[in-house]
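Next come two complexes built around subunit A: one with subunit B, the other with subunit C.
On to the complex of A and B.
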């Protein structure tokens, strides 16, 4: 089998130009989901009640269904729902001309919220109860204690898992092509479809994801070292 | 200054505190003794609302409040006027020794950073930890961590400091350095309530000793009386078991 090296090179550049779309999908979903994930994590750490059970059910549902299905459901349901809503409210929105990237944000945010909340929940669980008690006794309010004492420690403990979450999300956004969003995967597939150079296109996409994910992992590694210097310096003299 | 009465606390059906009263005057060093499970620690934690008592009243100078139903404003008020030293130190893991001492000032009390830092250094100096001000708790020994814990407690100029078995988690050779710091505070006339198992130390620093067992105050009085001629059989048994051959020259 002969590889078309010219196509390989030009498509690789094409894939690189779509990197911002992939990163945008990832970053927006992470940012949108963070406050909800934090809320769910805090809620689920309290004694069981109706809200806690609802939150748990949401997490179970999102974790227990394939992302492809979530995408297909939302992409076929959400536009009709929005359209119906806009008609009843007489908003005269043209729902069907909405940039499909918004549907992608919706799916990935819903999905990431569930996964992120579990990451944060385990992070918060790793902080000893005595830290909050000591902060309250030092005269801090509960929100102050969370901001200055609990969260920094919880986030440090959660860093490897947040890295995992981010890298998985980056790879997961490759499914955005199902919603006609032109991310890295979609751009390569479109380019390949003209001359059936699928092998080359997939190799390009593969390389693209490895590069992006490696850089993200490196960033997280250094970030973890930085925020975790209080524990990584164990044994060393300052 | 601080008067607490009729403190009750139940966990499930297990009654830990069955009506405890204490009174602390300015400059007092009240030492609470008793076998484990007698409710000493729970009692101390109720005073700072780390545990909610089921019943109980507190008079803190002119303020009167319920230990069971205090509002969050009242809880905040009590916590700002007191300080707590924990058995397992509970230093903020993500803060240096100096930051541990200043956090209650800068964040809890909105003091200017420079001023807080100055106080922080002075407090660390006092407990002999000034050279380690930039160290994180994970780089300090247990005794050093507890000394920072005491500096943190003192920094906020509390009216009372509560100590919950401050040396129980320490290796025997590190106990002395922490007790020396507390003793120094006692000499300075700081008001303290101390739960401890260190009898010799208790006899030396206490102005008032309370012996607790089974969720009640069994006996209380000046250390001389409690250690040398306790009235209650329960106190005698406890002291005999815990100090078989220590001599006291008070």
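On to the complex of A and C.
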């Protein structure tokens, strides 16, 4: 099969220039969603009430529907909603010239919040109840107990899942081109459309994603070692 | 664009139009589960085999697929496979139905996680079970099918269910290469309405997907409970 190797090389460089967009989407979504996810995780660990049910319904919806559908939904809803809001509040805001990356941030943050809260919830669940009780008995306040005792242990358990979440989020950001965000997929698609070199272009995108994901997984490998450095069982158990 | 109130009636109106296309979506899902499990089984077997080359190939494949966004592989298969078949195998598959390309891509994607599920389930069953079965006179094949497989299947169920749910959600991408499944039909309806009632249509689709995914989850949990050996009260 003949491939256009010149095009393959030039597009690969082009795809690499779009890597920061993918990383930006991933990092911003993770950072924005972290506090909300933690809130939902804490909330859902308490006895069921109206708030807990709402949180559970939100998580179920986000986990149970395809990401594309969420993108299509928010991309069709949010601009006109913002426009209506700015008109009623007379904000003089030109919503339709807003960089589409903001919509992408919104979608991925909403989605990641739900998935992240599940990861944190299982992480918190892995810490024995006695830890909190012991910390409180020793005279720590509840926030202190969470920050110094519970979270470090919960994070150790949650790290592999956070790695998975991040890798899946990176893969998920490949859909940002549906919102006309110029990420790796979009720039390759544009480059390919001149000469119909789609195969080469998408192979470049694939290579780009493999490189990015490999680097992220390597970083998480070291982060896991770092977070787990106080683990008492290390060396004792296999 | 003027602001139009949300219309719940349209949501109910559009559901029966979307339902006939559920078949296409389910065909993709079931087809992928069948072919993907076969390929996944092969991968799991290759990963465990004594041949170094096979094991490395299997692990490499799983690693690459783990880093591959579904949409990118879908596009590579959609544009690349016809060219490959035409130039290397000298068969023209350009006029094949789009569902063929969707099935090929998702089979390639689904095989990787499912082989991991199979591998971990296989490892979860104690080696002694197989040895005991062989020592009482079962053939290795019988021991595998009658003793190891039923136990491994129960262990694999929750992860298998998760993979199927992920597959269903990823399967929604098939519309991007022009397959008219539920989402594809939804997009057609919306453009037929000149972009009106988009949110209602998407919500109807979301509701259908929600029922499907929650259903699969419930089914897996039920199967898991009914197949697990009864536990003595502790």
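Just so it is clear, the second predicted complex is superposed on the first by the 233 of 238 C-alpha atoms of A that agree within 3 Å, B and C clash if a C-alpha of one lies under 4 Å from a C-alpha of the other, contacts with A are read in each partner's own complex, and residues count from 1 in each chain.
Keep in mind that, in the parts below, contacts are C-beta pairs under 8 Å (C-beta built on N, C-alpha and C of every residue); 3 or more make two chains touch, one makes a residue touch a chain.
From a predicted model like this one, the values you see are computed outputs, not experimental measurements.
**Student:** Which partner does A:50 reach: the first (subunit B), the second (subunit C), both, or neither?
**Tutor:** The answer is neither, since A:50 touches no partner chain.
**Student:** One more residue to check, A:153. First (subunit B), second (subunit C), both or neither?
**Tutor:** first
**Student:** For A:144, using the defined touch cut-off, is the partner it touches subunit B, subunit C, both, or neither? Pick first, second, both or neither.
**Tutor:** After superposition on chain A, A:144 lies in contact with subunit B alone.
**Student:** Quick check for you: in the superposed arrangement, does A:230 touch first (subunit B), second (subunit C), both or neither?
**Tutor:** Only subunit B; A:230 stays clear of subunit C.
**Student:** State whether A:68 touches subunit B only (first), subunit C only (second), both chains, or neither.
**Tutor:** second
**Student:** Would you mind checking which one, subunit B or subunit C, touches more residues on subunit A?
**Tutor:** Residues of subunit A touched, subunit B against subunit C: more for C.
**Student:** Output check: A:134 vs subunit B and subunit C. Expected answer is one of first, second, both, neither. What do you get?
**Tutor:** first
**Student:** Under the contact rule defined above, give the subunit A residues that sit at the interface with subunit B and also at the interface with subunit C.
**Tutor:** Subunit A residues touching both partners: none found.
**Student:** In the complex of these two chains, what residues of subunit A are touching subunit C?
**Tutor:** For subunit A paired with subunit C, touching residues are 1-2, 60-61, 63-70, 72-73, 76-77, 80, 83-84, 167, 171-172, 174-175, 185, 198-199, 202-203, 205-206, 209-210, 212-214.
**Student:** For subunit A, which residues are in contact with subunit B within the complex?
**Tutor:** 128, 130-131, 133-141, 144, 148-149, 152-153, 156, 229-231, 233-238
**Student:** Which subunit B residues qualify as touching subunit A in the complex?
**Tutor:** The touching residues are 48, 50, 76, 79-80, 82-84, 86, 88, 90-96, 103-104, 107-109, 134-139, 152, 156.
**Student:** In their shared complex, at which residues does subunit C touch subunit A?
**Tutor:** Touch residues, subunit C against subunit A: 1, 3, 64, 66-73, 75-76, 79-80, 83-84, 87-88, 165, 168-173, 175-176, 183, 195, 198-199, 202-203, 205-206, 209-210, 213-214.
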